[in-house]
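I've put the structures underneath this note.
What follows is a pair of complexes built around subunit A, which joins subunit B in one and subunit C in the other.
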Partner chain A sequence: MSYLARRAALFALTLLLISVVTFAITHVLPGDVAMMIMGTQSNPTALAGLRESLGLNDPLIVQYGRWIGGMLSGDWGVSLRYKEPIAALIGQKVTASAMIVVLSLLIALATAIPLGVVSAVYRDRWQDTAGSGIALAGISLPDFFWGIVLILLISRGLGWLPSSGYASPTEDFWLAFRHALLPATALGLSLMAHLTRMTRSAMLEVLGQDFIRVCRAKGLGRGAVVFRHALRNAISPVVTVAGLQLGYLFGSIIVIESLFNYTGMGWLTYQALLNRDVPLIQSSVFVIAAVVMLANLVVDVLYTLIDPRVRLE
Partner chain B sequence: MRAILSPKGIIGLSLVTVFTLVAIGAPFLVPEELTTKINVLVRLKPPSIEHPFGTDQLGRELVWRVLLGAHTSLVIAVLAVALSLVIGLPLGVVSGYFGGWTDHSLMRLVDTLLSFPVLLLALTISAVLGPNLPNTILAIGIAFTPYLSRIVRGETLRVAALPYVEAARSQGASNWRIIRLHIVPNIMAPVIVQATISIAFAILAEAALSFLGLGTQPPTPSWGLMIQASRDYLDVAAWTALVPGIAVAATVLGLNMLGDVLRDVLDPTIMTER
Partner chain C sequence: MKRREFLASSSALMGGAVLGPGLHSIAAHAADQPVRGGTLIWGHSETTQNLDMHKTGTASTGRLLQNVHDAIVTVDDNFTVIPSLAERFEESPDGLTYTFHLRPGVKFHDGSALTSAAVKYSFERVKNPETGAVNFEVFNDVAAIETPDDLTVVIRMNQVNAPFLSRLAENGAGVIIPDGSGDIQGTTPTGAGPFKFVRREFGNEVELVRFDDYWGGAPHLDGVLSREVTEPTVRLTGIQTGEMHLINDIPLDRVDALKNDPDLQVLTWFPLSWAFLNFNHAVKPFDDPRVRKALDLMVDKETLVQGALWGQGVVTASPSFPTSPSYNDGLAPRAQDYDAARELLAEAGFGPNELEFVFKTTTNYPWHVEATQILVEWFRQGGVKASVQQLTWSDWLSQCWVDRDYQVTMMNFFTLWEPDFLYYSLWHSTGAFNYRNIKDAKIDELTEAARRVVDPIERAEIYKAVQKRVQDEALDVVLWFRNGTVAARRNVGGLDALVHPNGSNLQFKNVWLKS
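And then the complex of A and B:
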C-alpha cells in the first residue's frame, strides 16, 4: 500500500511539473502569444487589446496560477477557434482516440508475440530472417507512409474500409469499428515492430536458461516448453514495453488522425496547433502528457502484480 | 569487424553511404532550377524513361526533388541530433557524476519531459516558434534532449564507479579533469550508437513535421512535404507518395540496420548470449 501511495504522490508531483512545462513551452519560448494568434502583420492596437483580454500583461506566475486554477476547478477556458468550452471538446475526442490506441495496442500485441516467438525459436533460420525483417521494416517506415499505403491498398484498391472519417461507437458500433480499423493498423505497425524485437530478445534470453534445459530433459514437448514455460517468463518485459510505448502512440495519433481525418485528440491538437489556438494547445498537450504519465503508472503497478520481485525493492 | 561484414551490416552501410553521398552531393550536382521548374504540360506523369520517378502536380521532376530532399533530411537530422548532444551531454554527465540534489532535480525535469511524446513536443515547439527550417532543427533537437541526457547519465554512472576513476581521484585529479579525460571519452561509444539511431528517428520526425505543415516550408524540397502534397492526387498519381515514402524508408532502414550492428559490436553482453 505504501508503494501505491508513494507512486500516487510522485504522479501528482509529475503532473504539476507537466503543467509547468506545458505552460512554459507556450509562454517562455520566444514568440508572443498574441502575435502567434493574430499573425506578425497585425495592427498594434488590436494586439494590445488581445493581450489585455487574454491577461497577457500580468506576471507569468499570475497567468500560470490562473490557468492551473482553472484546470483544477474544471474551467479549462474556451477554444479561440471553436468558441466552445475546452473541457467538453477534449472529453468527446479522448474516447475517439482511446478507441484507436487500444485497438492498435491489441493489433500490435496479437501479431508481435507470435512473430517474436517464431523468430526466437527458429533463431538464424529463414523464419527468423523473415520475422526480424518485417520488424525492421515496421520500425523504419514512417507511420503516415504506412497509412498512405493502407489507404491505397485496402481502401482505394479493394474498397474494404473507409479511408477517412470517424463514427461514434454508441450510435453505430460496426461503422465506428470500420472507421477505426485502418488508423489503428497504421498506428500499431511500428509498435508491432518494436514488440517483435523485444519478444525475440526476451525469448532468446529465457530459452538459454537452465530451467528450459530441465524442461526439455524431463521430456516436455516443444510446445509446452516454448509456450507454458519460456513465453510466460519472457512476457512481462514485453507487456511493460507495450505500456511504455503508449507515449509513442500518443505522439503518432497526431499524424495518423490527421491523415485519416479521424476526429480524436490527435486531430484536435493538430487543429489547435495549426490555428494557433493557444488555450486549446495548452489543454490538449497537458491532457496527452497526463494520459501518457497515467499509462506508465498503471503499467508500473500492474508490473508489481505480475512480478512480485519488483515490489521488494 | 565481422558484424559490419554481415549481410545486415553491408546493406545498412551501403544504404547509409548512398544516402550520405546523395545528401552531400545533390546541391552541387542538381541545378536548382530543375527542382523548381514548373511545367504544367507534364504534370502528374507516371515514371517512364523521360521522367524516371514521374512528375508531381506542378510538373516538377520527382527524381531531382527526391535527391535534394535527401540533403534537407540530412542537414536537419544531423543538426538536430548535434543540438540534443550539445545540451544533453553536459546535462547527463553533470547529473550522473555529481549525483545528489543536482541529479535528483535534473532527472525529475527529464522524466517530466519524457511524458511528452517526442513528436508532440517537437510539433508544439515548432508551432510556437513559427515553422521554418531552423526552428524545425531546434524543435527536434529539444524534443530529443531528454532521451540523450538519460542515456549519458546512465553511462556516466557506470563509468564513474570504475576503479580507474577512483585511482585518478586518489591522485588528486580535479572533477573537471576526471570528467574531461576519463568520463567523456569512455561514454562516447554507446552515446554515438544512440546518436546514429537518433538520426534515423530525427529523419522520421522531420518527415512527420513537414508532412503536417509544421516543419520545413515549400519550396524547400523535403520528403515529408512531398508526401503531404501527394495526398490530393493519391487516386491518380500514387507514385508521388511512393517515391518520397520509399526514400524515407530506405534511409531509415539503412540507419537502423547500421545501428543494430554497431550496438552488437559495442555491447559486450550480446556476446555472452550466444
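And then the complex of A and C:
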C-alpha cells in the first residue's frame, strides 16, 4: 500500500512539473493562437480584440491558474482554435490512439514470442537465420516505410483494408478494427523485431542453465521444457520491455497517424502545437504523460504476477 | 518465395487493381443522366475550423459551408450580382438605399421560414463588432435595416458604398441564418443551403445530408461525407484505391500523372489563387523603387511558373480576377533583363554583391519554398546576395504579417473578384492587410475614390489605374495565378458545376454518383 501511495505522489508531482514546463515552453514560442485563427485576415485592431476575448492578455500566472484550476475541477475548457470542448476531444482521440497502440502491442507480442522461441530452439539453423532476418529488417527500417509498403500491398494492391481514416469503435467496431489494423501493424513491426531478439537471447540464456538440463534428464518432453520451464523464466524482461514500449509507442505515434490520416492523440497534439492553442497543448501533453506513467505502473504490477519472486516495496 | 518472384507478383497485383476497374468504368460512362442517391466521399485538403460562417476566416471552412448556407444574393460566372435568397433587389439611383424582396416559401434547416426578421438578425449580427465576424466592415456605412413586411428588407446607407452589394454576394457577410440562431452556429451550422449539417468528428470527418426542402430543388446526392485529409499523398492513395470519390488540391507535380489514370477524371481550373513577391517598404533600401524594379527585372516569370508550379498556373501582372471588369490586360510583367537590373542597382548605390538581404518564405506552401530557391539563384546571378529563411506558418504570420519584421518575402491569396476588398485592404496605406508598409499617395487617392463611384465601368477604370501604379513602382511583384485542381473517380457526374465562380468554393448541389 505504501508503495502505491508513494508512486501516486510521485505521479502527481511529475505531472505538475510537466504542466509547468509545457506552459513555459509554449509561451516562449513565437506567435499565438489569435494570429493563427485570423491568419491572413487579421489586422492589428481585430487581433487585439481577439486576444482580449481569448484571455491572452492576462498575466501568465493567471492563465496557468485558470487552466490547472479547470483541470482539477473537471472542466477542461474549450479549444481556443477549434471551439470544441477539450475533454470530449481528447477522449475521442485517446480512444483512437489507444486502439492502434494496444493492437500493435498484441501483434508484436503474438509474433515476437513464437519467433524468438523458434530462433532460440533452432539456434544457428535456418529457422534462426530467418527469424533474425525478419527482426533485423524490422529494426533497420523505420515504421513509416513499412506503413507505405503495407498501404501499397494491402490497400492499393489487394484492396483488403482501407488505406486511411479512423472510425469510432462504439459506432462500428468491425470498421474501426479494419481502419486500425494497418497502422497498428506498421507501428508494431519494429517493436516486434526488438522483442524477437530479446526473447531469443533470454531463451538462449535460460536454455543453457542447469535446471533445464535437469528437466530434460528427468524425461520431460521438449514442449514442456521449452514452454513451461524455459519460456516462463525468460519472458519477464520481454514483458517489461513491451510495457515500457507501450508508453513510448503512445508518445511516438504521430508519424504513423499522419501517414494513415488516423487522427488520434499524436495528430491532436501536433495540431495544438502548430496553432499555439495553449489549453489544448497543456491538456494533451498532460494526458500523454499520464498514460505513459500509468503504463509503467501497470508493468510493475504485472511483473509480480509473472515472477512471484518480485515484491513491490 | 524468391525476391524476384515476390516483385513480379506484387507488381501484377498493383497493375491489376489499377487497370481492371478502369476498363470497366469507361464502359459504364455512357449514360449521362443525373441519378438520385449515394453519398459522395470527399477527401478535403484541410481541417475545418470554427463552423460559424459569419466568424470563420478560413477558406477551408467556407469551402464546406458553401453547401450548407445561401447568401442573400450571389454572382454568376461573369461576377454580376444575381438573386439568391432575395428573388429581386433594387438599388436607389443615389446609391443610398437597397431594397431586397425575399423569395417566398424558403425554409431553413430547422424548419423555420425565411423572413425579413432573419435577414435583419443576420446582418446586425455581422455588423456588431462584438460578434467577431470577419467581414463586419462590410456594414460600416449601413445606417438602418428596416423590415416593412415579412418579405421586404430595406437598407439605408450613411454614404455611398459602391462595393456593398457585391460584398453581400460573398458567403461571409451575406449568409442568412435563422433569427436568433447565432449561438448554435459554431457547433451546428444551420442555414438555407442545399445540404444539412449532421455532425463533425473534429479533424476526421464532417457529414452533410440532402435538404429535401431546398428552395432551389433538392440535390441529387443523399449526402456528402467530407473526410479531412491534410496529407496530399494520403488523398492520392484514397482516390486511387477508390476509398474517396473526389479529392481537391492535387500536389502540383502529380497532376499530369493523374490525368493519365483511366480510373480518374481531373478537373483543373483557373485561377484559384495569385501570388506576389513582397518588399518591406519600411526597411532600407526597399523603399527605393530602383531597388525593387531591379529585383523584378531579375525574375523570369514564365520559368518560375514552370519550375515552382509545374506549369499549373499562368503568369500575370494584375491580381484582379482575370474575367472581372477590373482586370488590366494592358499590363505586361517585366521581362528578365540583368543589364537593366544592374544599372538600376548601381544608380541606387549598390555595386555587384553589395546588396544583401534575407528572403523569408513559409513552408506552409511548398511551392513558395521552391519559388524562393529559384528566385534567390536569379538574384545571385544579378549580383545580389540573398539568403533563404524557411518559416513555419505560425512563424511567418508572427514575423512577416503581424510584426512586419522582414526584408523580402512572398505570399498568395485566393483570387478575389471584388476589387475594393483586394486593392484597398492590400495597398491602401491604412489597409488592413498592408503588411508591406506601403505608403503611396496615388494609390490611397484612387482606392478611396473608387468607394464613392457607383458606375461599374468608371470604377473598373480606377482599379486598372491602381494595378498600373503597383506595377510601375514595383510596389510588389505580382507573379502568377495558380490553378485549382480536383480529381474524381469516373463515376462522379456533374463536375462542370462543382467549382463556384470565385474559384475556391466547391458546391455539391448538382453533383451526382453513377451507381
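Quick note on the criterion: the second predicted complex is superposed on the first by the 269 of 313 C-alpha atoms of A that agree within 3 Å, B and C clash if a C-alpha of one lies under 4 Å from a C-alpha of the other, contacts with A are read in each partner's own complex, and residues count from 1 in each chain.
Assume a residue touches a chain if its C-beta (ideal position, glycine included) is under 8 Å from a C-beta of that chain, and two chains touch if they have at least 3 such contacts.
What you are looking at is a predicted structure, and each value in this text was computed from that prediction instead of being measured.
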item	value
Subunit B versus subunit C as contact partner of A:274, first or second or both or neither	both
Partner chain in contact with A:69 - subunit B first, subunit C second, else both or neither	neither
Partner chain(s) touched by A:26 [first = subunit B, second = subunit C, both, neither]	first
Partner chain in contact with A:289 - subunit B first, subunit C second, else both or neither	first
Partner chain(s) touched by A:252 [first = subunit B, second = subunit C, both, neither]	first
Partner chain(s) touched by A:53 [first = subunit B, second = subunit C, both, neither]	second
Which superposed partner A:261 touches (first subunit B, second subunit C, both, neither)	second
Subunit B versus subunit C as contact partner of A:158, first or second or both or neither	second
Residues of subunit A at both interfaces, subunit B in one complex, subunit C in the other	29-31, 36, 151-152, 156, 258-259, 274, 276
Residues of subunit A touching subunit B in the complex	13-14, 17-18, 21, 25-26, 29-31, 36, 136-137, 139-142, 144-145, 148-149, 151-152, 156, 204-205, 208, 247-248, 250-252, 254-255, 258-259, 269-270, 273-274, 276, 281, 285, 288-290, 292-293, 296
Partner subunit A, residues of subunit C touching it in the complex	10, 13-14, 17, 47, 49-51, 57-58, 129, 132, 134, 186-187, 201-205, 227-231, 234, 237-238, 240-241, 243, 392-395, 397-399, 401-402, 411, 413, 432-433
Partner subunit C, residues of subunit A touching it in the complex	29-32, 35-44, 46-47, 49-50, 53, 81-84, 89, 92-93, 151-153, 155-159, 162-166, 168, 258-261, 263, 267-268, 271, 274-276
Residues on subunit B engaged by subunit A in the complex (per definition of touch)	108-109, 111-121, 123-125, 127-130, 200, 204, 207-208, 211-214, 227, 230-231, 234-235, 238, 241, 245, 248-249, 252-253, 256-257, 260, 273
